[in-house]
Every structure is written in structure tokens, then in C-alpha cells.
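What follows is a set of structures to go through.
Here come two complexes built around chain A, the first alongside chain B, the second alongside chain C.
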Partner chain A sequence: MTKIETCQALSGVTKEGVIDLLYRMADDELMIGHRNSEWTGHAPILEEDIAFSSMAQDEIGHAQAYFQMLHELGEADADTLAFGRKPREYRCAALVSLQKDDWAFTIVRQFLYDASEQVRLTALANCNFKPLAQLATKLRSEEKYHMMHGRVWMLRLGKSTDESHALMQAALDKAYPYALGLFEPTEHCQPLSQAGICPPEDDLKSQWESAVAPVLADAGLTIPESCKPVYGGRVGKHPPELTQLLDGLQLVYNIDPAAKW
Partner chain B sequence: MVAANENTVGLSQAEYDHKLGVFEARINRGEKIEPADWMPDDYRNQLIRLIHVHANSEICGALPEGKWIPHAPTFKRKLALLAKVQDEVGHAQLLYRAAETLGPSREQMLEDLISGKSKFSNVFHYPAETWADVATIAWLIDGAAIVNQVMMAEGSYGPYARALKRICYEEAFHLKHGYEMCVVLATGTKVQRAMLQDAMNRWWEPIMMFHGPSDKVSKHTSLLVRWRIKLKTNDEQRQQFLRQFVPKMIDLGIEVPDKSLRLDKKTETWMYDDPDWSVFKKVVNNGGPVSGERVEARRLAHEDGRWVREALEAAAKNRPIPMPPASIR
Partner chain C sequence: MTDTQGDVYEVFHQQSRGDPHIYVGSVHAPDPEMALLMAKEQYARRQACVNLWVVPASAILATEYADEDIFDRATDKSYRESWGYKTPKTVRATEDGESTNDED
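Our next item is the complex of A and B:
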């Protein structure tokens, strides 16, 4: 299969597919970064306050990079895309827009999400669309540290006190169906996979399951049985938490979207 | 770690005077005092008080600005503000560590903050009401803090001075970030300019009080200066702040909201009517507009995080810290 070297060389259903994929990834990163930034000043220990602020910066920075690529593909500029859309125009999975909740949910969500990113970025790092392959390679090197951080916390809290174990299991029960929703297929997935850009969502999900299962087992946690994935985010159907999140995200921007801030 | 009072208990007056003489001679030679060195109880206690209040101010200072991270209107501002507030929490971490070298534990200091036993800076007892407050805080409050911290970084206690060197380096970036935000608002739309002026109007009085009570009424200053914990008085710091920032405010078209403020051209000194120090006293004793909200935010973070800290302690007792597998290292 021939490699697509530049943004300009993309066309047709492949281009539409890449645009859809970039929106999905950008919106996921923006929202989870937003939720993580809500811990700044409020985490259980100062070291984690600092760590989550760092991860939030990484994620929001990654969102910016995806939006910039979208801009190169003819969409609006990064700030307009991030701050200026209506709720139904966002393509994030419901997992990332849920409220920050307690520390157990934060750690579990982050771990499940980071593992999905690791799987997706690893696939994209070898994809046929060169600009995205290069970006995925770069971002993956940063995500590696998130995985290390998440794994340590899963193991520590999953098996420490009875209370921490119970809270972690409850968080996993809540987060898991939403995490499956990260792999909600869209109409663009087939062209993307045919063009050698992104494997089918089902394949990514299987890889993700193989990645998270051993860590969850080591942490003494049980994957909830017969979970139904929470879908809808990839086609703009979101839980009410996203509207609330966007009200906050767009608060100052909406005072005057044309102004320089 | 040295327990408080350990050094001076059981000394005769003559022994104490001798040790004090040696200690003060070291300070006068510009040497740094280190944690294991002998120091008078008053020196230790004053430092604990100062560093503790400073550390508390860093974490409470993260709250008004942190509240605006989710609302930052562009990627540039969001990333910069996140990094800035993260720095402030990092400063708190450094400072609690510096204070720990003198005796109290971080846990104890955080509990004292929550119970109201220890204080934090007057300016963080006020709410950040609009986006322009974020700009004003980052420019003028960080600016006022730099005046204080650059001076304190030359102080006699080694761990505090070294922590402050690093803090000042990072604060210099905050100042640029704050100034740039103020420039954008001051040269922006009518709404943005009004927003900035409104923020300045509300923040000016707290900022004028930031360096602490006037030398005429400050009860701590003379001893602190003698032991080189502080190198300038509160009024000297305030004057330096005014010299540095008032001309820049005027350049930006900001009306300085203090009718009494005037420059004595002969001495290049800013003259002003003293703020009402009874207000300052009330505010720092948790009687400010959002004192309760700030302490409550810290209490909630501390209480909600208790199970996490307990789990960490239990995990550390039972097994070594898990390391990532080699494949993702």
C-alpha cells in the first residue's frame, strides 16, 4: 500500500476518515485533560497534584496538536475547534466527559484511557499517513510515562487497604462500560482500515483488553461481567456532563470569540 | 530532623550568650545556617512561622487561579495557567520540606492550616471573580511576591534560601505570563479593558497590604532583620513594588485605584495613605471574603485524600513499590 506523505495528498473517504479520527482523539484528549486539570489544587497529596497537572498539560497539548493537523486538513484553527463548537459537534467518548468523582475513579479512568491511547498510538505510529504516524510516535513517547504512573497507582490502591480495594473495584465497575465505549465504531472506520491508517476498532479493543487485564488481575480487581459498552459519543450523543463541561470550557471564550485573549 | 527547643534547653545564660554570639557572628559573615546547626529558639520559631505561612500561601494561592484553568479561553492560556498553578503547588511542596528541616511535619502543618491555627497570605482570602483577576494576580501579586522572595532568598537559613532561589526562577516566568495577559486585556476590546480595570480596582487594596503591616506597627520585623531572615522591612518592600509596577500600570492605561498615591519626585518615593491595617488583621485571621471557602477547599482535599494516604502507607509497609515492567520502561 502506498504511503500518504502529506496532508494535501489526502482525499475522498480516506480524508473524511482521518478528519473523523482526529476529532475523536482530539476531543478525548481535551476533555480528559480538562477533567484532570480540575485536580490542580485539590489532590490527596501534593506530589499527585503536580503529576495530574503535568498529565493534563500533556493531554491538552496533544489535543492542540491533533487540532492543528485538522486545521492543515482545512478545518478551523485549533482554538476555534476546541472552544467554539456546539456540544453535538464534539466526538469524545462519554468516559472522558464524566465528572472527576473521587481519586479511585480518577486513577481507574486514567489507567483505562491511557491503555487505549497506548494501543491506538502504537498502531498509528506505523500507519500509512505519514504526518499522523510521525505525530503518534512523538506523543506515544510522552504517554509512556502516564502508563507507568497509572500502573503503579492501580497496584498500590487495588491491593492496599480494604477501603482502597472496595473503592477501586467500585470505580472499575463504573468506568469499564464507558471505557469500552472508547472503541465505538464509526462509519469512517472501514475506509481508515482499508487505507492502512487505523485498524478496526474491534481489533484495538481486543489489544486493549489484553493490555489491561493482567494489570487489573495484579491489582486484585475483577472486570465486571457482561458489560454493555456505552456508545454515542463518537456521533455526538453525549451525557449531560459534557454540556456542563463545555459551559465551563467556553465561559470566557464566549464573552467575545473574536477577541484576542 | 531536629526537634524544636532541643538546642537551647538546659543551657546556662553564659552558655547561651556564647552560642548566640557565635551564631550571630556567622550570620554577620554571610554564612548560611543549616538544619543541624545550633540556633536560638526564636530564630527557629520565626522561620517555622514564616516558611509555614509561605507554604500555606502557595497552596491556597493555587485555588483562585486554579479555579480558572477550566475556563481559560485559548490553548496558550490554558497550558500556561496550568503550568503556573502547578508551579505554585510545587513551591508549596518545596517549602513544607524546608520547614520540616526545622521540626514540624507536613501533615501537621496542613492540619494547622485547616484548623485555622496557621495563616496564609492576605491576598488569597479574596475571590478571583473574572478572567482579568487571573491576569492581575499573575502580574501584580506574583510581582509583589518576587520583591519579597528575591530578598528572602539572600536570607540566613540555608534550606529556605535555596528553595527560594528556585522559586524565584519560576516566578519570573509567571510575571511574564501575567504581564502579557494584562497587556492583551489592556489593549483589547472595551469589555476586556473594563474587566481589567475592575479587577485592578478590587485587588489594589489587598496588594497594598501584601507585604504586611507598616514598619510603625509590625511586631516581627526588627528581630527578623537582625538575624538576616528578612533583609528589608515591609515598607521598603512595598516601596520597591510601587516603583517597579505603578509606572507600568500607567503605561497600560490602567487607572491606579488609590487617590492618595503620588510620587515625590525629589526622593523618587511613592507616597500613600496607610491602608487600614485592622482590615489586614481581620483578613489574615480568616475573616476575609472567601477565607472560609479556601480553608474548606483544603479541608476537603485533605479529608477526601485521607484513604489514599492511608492506603499508600499500608502499601509501603507490606511490599516494595511496584515497578513498571521492562517493556514499558
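Our next item is the complex of A and C:
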């Protein structure tokens, strides 16, 4: 299969597919980065406050990189894409817009999310669309640390006290169906996989399951049985939490979209 | 007030391979693995880094400040100071001030 070397070389259903994929990834990153930034000043210990805030910045940085690529593909500029859309125009999975809740939920969500990102970026690093392959390769190094961070917290909290274990299991029960929703297929997935750009979502989901299962087992946590994935986010159907998040995120932009500081 | 944030680990940072690990500060953590994770974000997010060490502060044996006088020189020992030696020009050209001729 021929490699697509530049953004300009993309066309037709492949281009539409890449745009859809970039929106999904960018919006996931923007929302989880924003949710995680809500811990700044509130994390359990000072060191973690700094580490988690720094990781939130990483995610927003990834979103920015995807938005820039979208701009090169003819979409609006990064600020307009981040702040200037209506809720139904975002393509994030519901997992990332949920309230930050307690620390157990935050850690579980971040771990499940980071594992999905790692699986996807690993696939994209070898994809046929060169600019995206290069970007994925670059972003993977930050995700590697995120995975180390997530694993350590999962094991500590899963196996610490009865209370921490119960909180973690409850968090996993709540987050897991939403995490499965990260792999909601869209109409663009088939052209993307045919063009050798992104494997089918089901394949990514299987890889993700293989990645998270051993850590969850080591943490003494049980994957909830037969849960139904929460879909809708990839086609713009979001829980009310997204509107609440965007009200805060877009507040300044909506007052004055051209403001500079 | 008791410290509820875990043990203290001292952090050593290496800027590039072959450089010495330099002491940069400390972190609180419940165990060494977590200490390394915390150290990475506290001390390696702004500057280049290839390697970090963390050491439990409790593992360090230190002198007492009350014994600071053991470091005093009761008699003239300027002969131990490197600037007491004449360094050949060729050596001086390749070294940055501090000489390595400190055999004492």
C-alpha cells in the first residue's frame, strides 16, 4: 500500500476519515486534560498535584497537535476548534467528559484512557499517513510515563486498604462501560482501515483489553461482566457533563472570541 | 504536626550520560517506585534528563553541624589547594579553572 506523505496528498473518503479520527482523538485529549486540570491544587499530595497537572498539560498539548493537523487539512484554527464549537460538534467519548469525581475514579479513568491512547498511538506510529505516523511516534514517549504513573497508582490503591480497594472497584465498575465507548466505531473506520491508517476499532479494543487486564488483575480488581459500551460521543451525542464542562472551558472565549493575553 | 505524605526521598538528576548525578531536592512518597515517578515530574520536566536516582533520606548518614570544626584547617594547608600548583599551559587550555592535580 502506498504511503501518503503529506496532508495535501490526502483526498476523498480517506481524508474525511483522517479528519474524523483527528477530531475523536483531539476532543478526547482536550476534555480529559481539562477534567484532570480540575485537580490542580486539590490532588492528594503536593508531588502528585504537580505530576498530575503536568500530565493534564501533556494531554492538552496532544489535543493542540491534533488540532494543528486538522487546520492543515482545511479545518478552522486550533483555538476555534477547541473553544468555538457547539457540544454536538465535539467527537469525544463520554468517558472523558464525566465529572472528575473522587481520586479513585480519576486514577481508574486515566489509566483506562491512557491504555487506549497507547494502543492507538502504537498502531498509528506505523500507519500509512506519514504526518500522523510521525506525530504518533513523538507523542508515545509522554504516554509511556502516563502508563507507568497509572500502573503504580492502580496497584497501590487496589491493594492498599479495604476502603481503597472498594473505592477502586466501584470506580472501575462505573468507568469500564464508558471506556469501552472509546472504541465506538464510526462510518469512517472502514475507509481508514482499508487505507492502512487506523485498524478497526474492534481490533484496538481487543489490544486494549489485553493491556489493561493484567494490571487490573495485579491490582486485585475485577472487570465488570457483560457491560454494554456507552456509545454516542463519536457522533456528537454527549452526556450533560460535556455541556457543563464546555460552559467553563468556553466562558472567556464566548465573551470575546478575539481576546488575546 | 506529623508528616502524612509518606517518606522523604532525596533526588539525584543526571543531565546527560556520563555526567555525575547531581542532588536536586527531595520528594515525599510511600515507596521508591512512586518516588521515582514523582521525581520525574518535580525535577525533570523543565531541564534535560537521562536518568534519576532516588534514595530514602533515612539511608543517608551525615555529619553533625556541631562537628563542623572537623573541617577546619588548624595549620596552613594551602599546598592542598589546586591553585597552589603551576599548571602547564597546555593543560590549562583544556581544563576549566579547577585542576585535577589535587594529590594530597
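Criterion: the second predicted complex is superposed on the first by the 260 of 261 C-alpha atoms of A that agree within 3 Å, B and C clash if a C-alpha of one lies under 4 Å from a C-alpha of the other, contacts with A are read in each partner's own complex, and residues count from 1 in each chain.
Simple rule for what comes next: a contact is a pair of C-beta atoms (placed from the backbone, for glycine too) under 8 Å apart; a residue touches a chain by one contact, two chains touch by 3 or more.
Computed from a predicted model, the values in this text were never measured in an experiment.
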In the superposed model, does chain B or chain C contact more residues of chain A?
B
Counting only touches as set out at the top, which of chain B and chain C does A:D79 meet: first, second, both, neither?
first
Is A:L46 touching the first partner chain B, the second partner chain C, both, or neither of them?
both
Touching A:V252, do we find chain B (first), chain C (second), both, or neither?
first
Chain B versus chain C as contact partner of A:M148, first or second or both or neither:
both
Is A:R156 touching the first partner chain B, the second partner chain C, both, or neither of them?
both
A:S164 contacts which: chain B (first), chain C (second), both, neither?
first
Given the touch rule stated above, what does A:S37 touch, chain B (first), chain C (second), both, or neither?
first
Contacts of chain A common to chain B and chain C in the A-superposed view 45-47, 50, 54, 148, 152, 156
For the complex, which residues does chain A have touching chain C?
45-48, 50-51, 54-55, 145, 148-149, 152, 156
Contacts from chain A onto chain B in the complex sit at residues 34, 37-38, 40-47, 49-50, 53-54, 56-57, 60-61, 63-64, 78-79, 82-83, 102-103, 144, 147-148, 151-152, 155-157, 159-161, 163-164, 167, 245, 248-249, 251-253, 255-256, 259-261
Which part of chain C faces chain A closely enough to touch in the complex?
5-6, 27-31, 33-34, 37-38, 40-42, 45
Mind pulling up the chain B residues that touch chain A in the complex?
59, 62-63, 66, 68-75, 77-79, 82-83, 85-86, 89-90, 92-93, 96, 131, 184, 188-189, 191-192, 297, 300-301, 304-312, 314-315, 318, 321-324, 328-329
